[in-house]
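Given below, in the form of structure tokens, are the structures.
What follows is a pair of complexes built around subunit A, which joins subunit B in one and subunit C in the other.
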Partner chain A sequence: MIRALALSLCLATPALADFPETVRDHILPGYAGLATATQDLADVSAQSCDPQDLRPAYHAAFDAWMGVQHLRFGPVEQGGLGLAIAYWPDPKGSGRRAQMAILTGDADVLEPARFAEQSVAARGLFALERLLYPNAELPADPCPLIRATTADLARIAGVVYAGWEDGYAETLLTAGEAGNTTYLTRPEARQALFTQLATALEFTDDTRLGRPLGSFTRPRPERAEALASGRPLRNILLSLQAQRAMVETLTPDAPHTIAAFDHAIAVGEALDDPLLAGVAEPESRLKVEILQQAIEALRQTVLSELGPELDVGIGFNAADGD
Partner chain B sequence: MTTRRAFLAGLAMASLPRLTWADVGNPAFLAAAKSASGFVLHGLSQQGQSLFELPLPARGHAACAHPTRALAVAFARRPGTFALVIDCASGAVLHRLDPPEGRHFNGHGVFSADGALLMTSELVAETSAGRIGLWDASDFRRIGEWDSGGIGPHDIKLLADGRLVVANGGIQTTPNGRTELNIETMRPNLTLLSEGTIVDRAELAPEYHQNSIRHLALMPDAIAFAMQWHGDPADPVPLLGLWKPGETPELCPAPEAMGLAMKGYAGSIAATTDRIAVTSAPGGLVMVFDAKGAPLASHFRADLCGIAAMGDDFIATDGLGASWHLGEERLTLLGKQPVAWDNHLIALG
Partner chain C sequence: MRLSLIAALTTTVFAAPALAATPAEVAQTYTDIAAAGYGDSLATAKALQTAVDALIAAPSDETLQAAKDAWIAARVPYQQTEVYRFGNAVVDDWEGRVNAWPLDEGLIDYVDNSYGQSDENPLSTLNVIAHPAFTLSGAEVDASALTPAFISETLHEVDGIEANVASGYHAIEFLLWGQDLNGTGPGAGDRPASDYAQGEDCTNDNCDRRAEYLKAATDLLITDLEYMVAQWEDGGEAREATLADPTAALSAMLTGMGSLSYGELAGERMRLGVMLNDPEEEHDCFSDNTHNSHYYDGLGIRNVYTGSYTRVDGSVVSGPSLSELVAEADSGVDAQLKAELDASVAALGAVKSAAEDGLAYDQMLAVGNAEGEALIMGAVDALVTQTASINRAVTAMGLSAAFEGSDSLDNPSAVFQ
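Moving on to the complex of A and B:
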């Protein structure tokens, strides 16, 4: 209703925030940043395979990924490219197994076209983390595999960015126009973006926090995300910040949602536990649980305020199947 | 869409005591939906256009159609307390079926080939033990029940030889709700019944005991089944299987990079003679496999769930109101209506 009113009263005024702004100000710059950061990482690895030299570029690339990892639709969805960038969690350790086979196997597999066909679990940022932060001595010189992995990451990020720039951005921007059979209406475009937010918050809640929290009697600190490189809390904060920024591009009218993001981010920033190791002790565990509760409350606010503001909700079937 | 009123006016002259499907425009499919006016049941043409809309008292799930008469039975979503026998011409509810005391409907049912018997998927509310309810289709009296061969039956399908296959999902729930009680110990199975006697039963390998077998589609020489994973969501398990009675069920993995795309959830399944399509609303996609269960393609569309075979292709519906033709290459839009199509699209005939 507010949207219809605004449309009728201020036809001459461009909307301050709606899904086209999300495409231009959030999605495209985010993927451009990922493409640049992963190319930088590949360039650094071409010069040196010393983990000390590579770690800053690895973190920069991972940070860039956290700026867009909540977007799981469009080009990143094709052929599982998102998983090839970041395969986590991997409860059965299939990535490590496949990666060690590559490390000790035939070097021909490292050739770019062949490497792109290897298991998604053996590629991407988490695979690189195992080489830059090994928990045991590696069975072979990792340098060629580091270079293959970083080159593959840069290639995928380039494919995803090009996919947006050369097609999918237009698909989203022309939602509801004749001939667009992906987004039949403009609300469908908003719904797609809204779904990304709701799903990503659920992932942070259930997986980034839920996996290390485990249960009170069986906490699982070793299951935190990107633990070896010290990123468990950093990933949560970066993902919250990226999603908050996305909401600001989507609408100027979700004050409770923004406040709930600010609250969750403040709780996370006050948590002096970058590895979430505190889940194993009752007192420090409580602080992690408070962060989880703040994110759960944030998700509820997104559903109750942002959804109606955008005139969308979780899909009828997706929300409640059988 | 023809409104029911206009539709009835057109039919008035042709009104006969027992109308056939031809009299109601030969709908090809039935689908439950949510519309602005509430929960409804639609009859759809081959092109996915609505031919009629009938009100339901609460959210529906699946439906089944009488083989000859223009009768549909619409099942409530589980735990189901009603099933409505609807005259698809007049919209009149001819019978309201109530499960016997202490039983619930579970969303699916099927008529015998001659249309004389209606079989309904049910459970004992207290224990979730499965039952197949039997109803005389001449007057829809309850005439008996069979043991379904497992816990929490969901979809049931009639084989060409008259035997009934049951997807016993394995999940025990609270008596009047959907809260799951036995996820750690659940053991779904496929059960084959002949006149109520269990003639075959197949379980999954132990590591897949949390893969709830929920929906079925018939292939020329196998039963395709779709599952919903209740184990670790990070574990990319197969959600499609094929069963030839007498043999061990065979699971059909998705391509590795797509192993998590369905989010552990297959919502509906349909099969042609040479392809199988499985949808996931949470994943927003349909995955297509060949008759041996090898993956062929994936097509994305938000909240896609209902799917049915139509000739060599498929028709799919989504929660945003769109209906789609799924050919070998792509999803092609057929139409969009102001409803949210519910879980299932049921093919008639």
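Moving on to the complex of A and C:
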């Protein structure tokens, strides 16, 4: 398999960077890292259910997820695996409801095959966060559920990585070749990747920042992503860094896009507000709004420079709904 | 910079004189179908209004059932217009007034104790029907008169929260059916007709205000639909804008088809429910009419492509189609897309048939219901598959430069540039 991949990479294109490089240097290592980090987390939880022991491995797994969470196509879209890794936002509180029912219910549900059938909102990183950073005393010993959740995460990350390594990478790399019914042309492969970038930036803008910002008169700091574990700004920065790295694998020739990423990352790094709690006060709110504006400007640059450079426009994406 | 071979070929094809449909004719068909679809939506909503008036005048099992039947009939044409929403700013800006979903129904009326307070919505258990005044951010809000203006200007999306849906089909649905407390088991909402009985027979209190609310919400739906009909009639703003720029209209048509197929219907409304196993994720969750809503969404997508809409009275509005234009650009893409649209309508039809045979949509969402999951995911897969071909049609028509995908929502004018 590795050899086959390498061969198609050599034949694929004379360019310094193009979508085969994205597969090789960004996507496959990203998912391999997620598989490793989630397995480490499962291993730690097999030893201890003490949140203090588990939190470093939880953060490492979440960091690894931020390296690939902008890729909402391919194996993560099969059977909703991406949602089962990270279900957020959850405006109706489905996750808490379903998870508490499992926590206080029949232990048979924790058996791996049964657990995999449970609501995606009750599984994954955000479900684990509720167990490791509870906002109230949990109604039952969470240890068995912590172990089921981390094992499920590791299993899913393994399935996703295997899905890329054993099939989807080839599907993308053979775009435009006879018999490839997913990507009929090479531009279709580039468009799929470009769409992920543009959509992910929109998500960071509208959701990671837009939800806590709310409106000026009604800020919603409590709606920031992964707030309990202190990750709102960290997730934004990691996501920007991952997408910047992805652009570098796609083309060597998008200087304005890279500069816009660097600017947004610098604005974010200078923001001394890891929880984005400052949205509630006018002066500190302004700083969060400046970050949002930098990301909006970045997205415009991606559309106006990177799109034409790759000779594609944005395609339909999973975020088209409301 | 790479040159797209397909785009180059397309330009050549487009430049050649042809006898087939022109973009202007296709845009004309699109506006004709919109006018007919919204016209039918208005006519069936007026029938609902008549039935609601009869229910309020004389609440009984019969008048309640007649109102429910009228609501279900009103959904048939409306859902077929949903494909107009994405890509048409005038529709997208408006549709939240008539079809907003999901809703925290406890805002409007009494709910079961199991309902619980939403973490994100302090007004999710307000029950405005029981409260002629309430407090919002420290200020008193006068809810003594439940008028269309109060519903649309004050209560709808109150507190800036989208789940505070006070108007439209789903608010009316809740007032007719009540909560479906059967989870993923059989059965829909079971509101008694006596919830509208005046005087001693009134159940669940405040029947006068409940009737006032239902009447106001139904009247408001009529007003809102009248606005949209006017947009697409001769001289209407949406119609004129569409006809003035047929190329932009083609983008809007394909944007609507693709966005509804993938992100909205396949993703938000169907797959997510399966992944959450949550009956609250059912689109028509009070009435258990979800199978029909999804089916007619799918039919509407195909209508736009084939340039043909069968009206409520059985007559057909049709004309030169987008399909003909795409075929001219790339007959392979057209043939595949037509087959895929037929396949998605068939897959949504299988969901509809199963529901009509007794396996309601919320039952399909139950944990471990393999048959239900297979039915829903079959339709999801068909919708995702056709989205790729819709994308190819965009490319084949040389529209990619003007096409902004999801940007049509944030910045609808981009589509018309």
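One rule holds for everything that comes next: the second predicted complex is superposed on the first by the 301 of 322 C-alpha atoms of A that agree within 3 Å, B and C clash if a C-alpha of one lies under 4 Å from a C-alpha of the other, contacts with A are read in each partner's own complex, and residues count from 1 in each chain.
Rule of thumb we're sticking to: a contact is a pair of C-beta atoms (placed from the backbone, for glycine too) under 8 Å apart; a residue touches a chain by one contact, two chains touch by 3 or more.
No experiment lies behind these values; they were computed from the predicted model shown.
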Next item on the list: Following the overlay on subunit A, give me a clash-or-fit verdict for subunit B and subunit C.
Entry: clash
Notebook entry, point to check: Touch check for A:184: first (subunit B), second (subunit C), both, or neither?
Noted result: both
Item checked: Per-residue touch tally on subunit A - higher for subunit B or for subunit C -> C
Next item on the list: Could you look at A:92 and tell me whether it touches subunit B, subunit C, both or neither (first, second, both, neither)?
Entry: both
Item checked: subunit B versus subunit C as contact partner of A:84, first or second or both or neither -> both
Next item on the list: Quick one: classify A:73 as touching subunit B (first), subunit C (second), both or neither.
Entry: first
Next item on the list: Go through the superposed model and pick first if A:318 touches only subunit B, second if only subunit C, both, or neither.
Entry: both
Next item on the list: For A:202, select first, second, both or neither according to whether it touches subunit B, subunit C, the two together, or no partner.
Entry: second
Checklist line | Partner chain in contact with A:120 - subunit B first, subunit C second, else both or neither | finding: both
Check: subunit B: which of 9-17, 135-143 or 279-287 bumps into subunit C?
Finding: 279-287
Next item on the list: Could you list which residues of subunit A make contact with subunit B in one structure and with subunit C in the other?
Entry: 80, 83-84, 91-92, 119-121, 184, 188, 191, 195, 315-318, 321-322
Next item on the list: Note which residues of subunit A are touching subunit B in the complex, please.
Entry: 73, 77, 79-81, 83-84, 89-92, 119-121, 181, 184, 188, 191-192, 195, 206-207, 315-318, 321-322
Next item on the list: Would you tell me which residues of subunit B are touching subunit A in their complex?
Entry: 34, 61, 77-78, 107, 154, 214, 228, 232-235, 255-261, 265, 267, 281-282, 284, 300, 302-305, 318-320, 322, 331-333, 336, 340-343
Item checked: In the complex with subunit A, residue positions of subunit C that touch it -> 1-6, 86, 102, 116, 118-120, 137, 159-160, 163, 258-259, 261-265, 267-269, 271-272, 274-278, 280-281, 367-368, 387-388, 390-392, 394-395, 400-401, 403-407, 409-410
Item checked: Residue numbers on subunit A that touch subunit C, as the complex places them -> 80, 83-84, 91-94, 96-98, 117-121, 182, 184-185, 187-188, 191, 195, 198-199, 202, 214-215, 218, 223, 303, 308-322
